[in-house]
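What follows is a set of structures to go through.
Across the two complexes that follow, chain A remains constant while its partner is chain B and subsequently chain C.
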Partner chain A sequence: MEKALIFKEWVKTRMVFFISLALAVCVALYAVLMMKRLIELKGVDHLWLIMLLKDNSFIDIIKYVPLVIGLALGVAQMAPEMAQKRLKLTLHLPYPQGKLVGLMLLTGLVELLVIFVIQALIIGIYDASVLPSELVWRVMLTTLPWYFAGFTAYLFVTSICLEGTWARRVILALLGIAVLMIFFLQPALEAYNGMMLIILITTLLLTILSFGSIARFKEGRQD
Partner chain B sequence: MNRNSESVISVKNLTQRYGTGRVIYSDLSFEVPKGRILGLLGKNGTGKTTTINILMGYLRPQKGECRIFGENITGLSPATRARIALLIEGHVQYSFMTIGQIERFYSSFYPKWNRDAYYELMAKLHVSPGQKISSMSCGQRSQVALGLILAQNADLLVLDDFSLGLDPGYRRLFIDYLREFAKAEEKTVFMTSHIIQDLERLIDDCIMLDYGKILTQMPVDELLRDFSRYTLPTDAPVEKFTESGLFINPGKIKNELEFYTFKPLDEVRSQLSTLGVDVSGLERREMSLEDAFIGLTGKY
Partner chain C sequence: MKKAYNILLIALGIVVLSWFLPWLYSIVFPTAASDPFVAYSPVNDRMIVSETGDDKNLAIYSLDADGNREDGSYTKEQRDSLLPQIYYTQLMAREALPDTIAGIEVGVAAFKHSQWVFSALPRDINKVMPEVYLMMESMPARIDLEDPKEVFRFRDGKVEFIDMETNAVIEGRSKRFTDIFNERGFALPMRAYSANITSRKPYDEGYLMVDANGDLYHTKMQAGRPYMMKVNKPDSVNVAHVYIMENIDNRHLGIVSDENHNLYVLERAGYRLIPLPVGKVDPEKEKISIVKNIFNWVVKVTGPEGVRWTALDSDDYHRLASYSKTYTESASQKAATYIFPYELSFTSVSDCYASPRFEYFSWHAIFLNVVLAVILFVVYRRRGRVAPCIAACSVITLIFGIFAFIPLIIVKN
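Moving on to the complex of A and B:
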């Protein structure tokens, strides 16, 4: 049954998954090429210098990519469930409803994780070939809140899509915008290092939102 | 309706409103016995789909209790859900899947899955297993939904307005397959439809809903035997018959009075006589289920 449920989620999201993966890879390769070009023109010492003195990580281009991917994947996965109230079919399946919703979210989160890990690996592997480990970690820790923003955006979008009333959708959307803005407030490198645990816990807690939307759907709170 | 037989669906004192406003129905109670095909009939807005939403757990009832296979519907277990095949209004299915994918998907959930029943119906549509459901016509999609229901081999079939959007051919195909399946396998069916004439060939029992209440609940053959339409040429004003309260939905076109009643001919004659009406032209007319529905609910 689990295999069938994961398959259903995959059928809905695979196109967005591959487009997102292509986008993530292209943007990561572009960031790598920019660094490579600078090294060829001015040498690797110059690159280190800029990174240390000017707080430039050369990966600013990927900043909003996880956010966009999270939004797109959430819509691709949950919009078909709410179109024609297809969610009724899903909730009617002979499978525990809590586990079912959890599995749907887990599938989406794993897809996001795969995309983000591949993108981070491209940047990380190249950086490790030209930068000392301290700088590689600095770059990676700088990108981490952006990836969390991707997961957060996904969880907010899924809860908004699964919500049956417009008033709640607007409230969730406003809340989502407010939470997501936190991830992009500080432009400095590693600005969020001290908050990483709080960000992780907050992201995990956001999964509750979708369960709440489902519970309200089952009570008949639908426009 | 055989009250002694085991009830598959049991609804007691169900009360539901639109939000905090208009009452959809109050203290609605009915039972669906095992092995029967029951049609829930009513005009638009009388609460047919609302009832199905409540029974399937998509709407919390404001008052009352509903049970399916003895289990309260507010927390149907997966095992009980496996015994219920559900057709959502508009034959909604996972249209992002193909014919083959959707069959494989559902087969994982139902132990009594009958793959052949599904593909037998698909063969009639001349579609390939790789065809996406979203690219099919409304009629073809209805057959996919029906095929999945038949393959599920459930004990109870709940069908919400199966005729919506279907042309007569597909409606007939749907009804023929469903009836043969339900009767051969002793399945219980609870269904709604806004096309009453379709149901005459299909259902054993009917519940006719009006705004806020049940008008009648009985086997279709009993209804068609006991409920009658009469016509009578008369100059008497229709108000005379309306105000008497003796007959159901009296109406008059030119000089011909039309009314409905559960009373036998002799009693009708005698009651008309007490009103001082000449009954020499009184005639009892043959009725279809649709006529009976109009007779009970009125034309407006």
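Moving on to the complex of A and C:
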């Protein structure tokens, strides 16, 4: 049953998964190419100087990519359930509901994780070839909250899509926008290091929203 | 699960509104405070204040020794004559620049050569610093300074130099610097450091560094070889922050603060650490700016509560005069204390970190909190909620006020 459920989620999301993966890879390669171009024109020491003196990580272009991918994957996975009234059918499957929703979310989160890891690896491997480990970690730690913004966007979108009433959808959307803004308030490098544990716990707790939306849907709270 | 969902929704609502409502309020009711310009006159030995009042007119007046405003005011032309170290170009244009002031021979060249401005913001030190440090060559072969080609880092108790071009460790230089760090007794980890990495300066003094024991060191690279000196200081001085200076007058090496919030100047000659009588200064919370000229220094310290100026003699740093101004709350800020029991923010003007900070706790808001809790109590009774739920939500509103009231009223289930 689990395999069939995962396959169902994969069928729904594979198109968006591959488009998102291509987008993530292209943007990461673009960031790498920009660094390579700078090195060829001005030398690698110029890259180091800008990183150290101007607090530039050269990867600002990927900042909102995880957020967009999280939104897209959430919509691709959950919108058909509601638009085509498939959720009722899904909930009637002979499988525990909690596990069912958990498996759906897990599929989406793993897909996001794969995309984010591949993008981070492209940047990390290139940076490691031209920069010392201290600066590579500095860059990667700076990107971490952006990737968590992607997971957060996904979890809010799934809960909004699974919610049956428009009033609650609006509340969830406003909360989601406000929470996502927090991830982009401070542009300084490694600014979120001290907040990573709070971000991690909050992201884990946000999975509850989708379970809550399903519970409300089952109670018949629909417009 | 449904209970957890509702609790999470309310908790998120409280967090978001605690941040968003005060921010929205500050946008709707903006407050701005501008500090007057304060300088010390070597002509009449008074602090001269130039301040734009509420009527948008510039008022120029002097202060007595206690920092109180003296009767009368000055015109801009009179101010030019009282502050020749600042307005010497105006005086030159009017052919009114004297040859000597306070027994010191002056001229445009003397003014220019002896003046500098220093500024240190809390944001400059309250941030995550990279753990590799650029090292310039202080004695370049071609005289003109060049951009650095190497960085160093501390690894396994050793100093490691890395060539930026190859990203490889430079063994010889690493060993020489490690040896001198050990000889001078530098204790890792480094507590603070300061360097001015740019080739657009008259000369390079490398780094001022503070080790784990609070001792102060001066380090630079001369012709590829290490130079390192430990600054002699009283044991009671535990250095916290350093700021290197490479000014044209070549007299000072840096500004230093200790853990007791005292401020010092480090003179180049003999590495003399001299206390500055400017009161307690916390560089992590207060902005420091120093305007130095041939006659005096004016040290300005700006904190969240107010601003204070201290004029010091240029030669021996004794205090000449001081003046302070406390910021007052605007009507909208006072009103906010009656609306919001606290404020949540994730960023601050004094640092480069993102983290939740609960500030501006106000007991005045308890009145509104009580009213909102009573309204919530009545509404929940009408909605037929169970007693424990009504009690819990009323208490939450009593504590979090308007931030809890709005989500508790909106989220109906």
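Observations
Simple rule for what comes next: the second predicted complex is superposed on the first by the 222 of 223 C-alpha atoms of A that agree within 3 Å, B and C clash if a C-alpha of one lies under 4 Å from a C-alpha of the other, contacts with A are read in each partner's own complex, and residues count from 1 in each chain.
Basically, contacts are C-beta pairs under 8 Å (C-beta built on N, C-alpha and C of every residue); 3 or more make two chains touch, one makes a residue touch a chain.
As the structure is a computational prediction, the values presented were derived from the model and not from experiment.
By the touch criterion stated above, A:4 is placed in contact with chain B alone, chain C being left untouched. In the superposition on chain A, contact is made by A:86 with chain B only, not with chain C.
Look at A:194: by the touch rule set out above, it reaches chain C but stays clear of chain B. When the two structures are aligned on the shared chain, A:182 is found in touch with chain C, with no touch to chain B. In the superposition on chain A, A:44 makes contact with chain C only, not with chain B.
Looking at the superposition, the partner that touches the larger set of chain A residues, chain B or chain C, turns out to be C.
Under the contact criterion defined above, no residue of chain A touches both chain B in one complex and chain C in the other. By the touch criterion given at the top, residues 1, 3-4, 7-8, 11-12, 80, 84-86, 88-89, 91-96, 217-220 of chain A touch chain B in their complex. Across the complex, chain A is touched by residues 53, 56-60, 78-79, 81-82, 84, 86, 88, 90, 92-97, 101, 104-106, 108-110 of chain B. Residue ranges of chain A in contact with chain C, taken from their complex: 43-45, 48-49, 51-53, 98, 129-132, 134-135, 138, 145, 171, 175, 178-179, 182, 185-186, 188-195, 198, 205-206, 208-209, 211-213, 215-216, 221.
Residues 1-2, 4-6, 8-9, 12-13, 16, 19-20, 127-128, 130-132, 134, 147-149, 151, 153, 162, 164-165, 167, 197-198, 346-347, 352-356, 410-411, 413 of chain C are the ones touching chain A in the complex.
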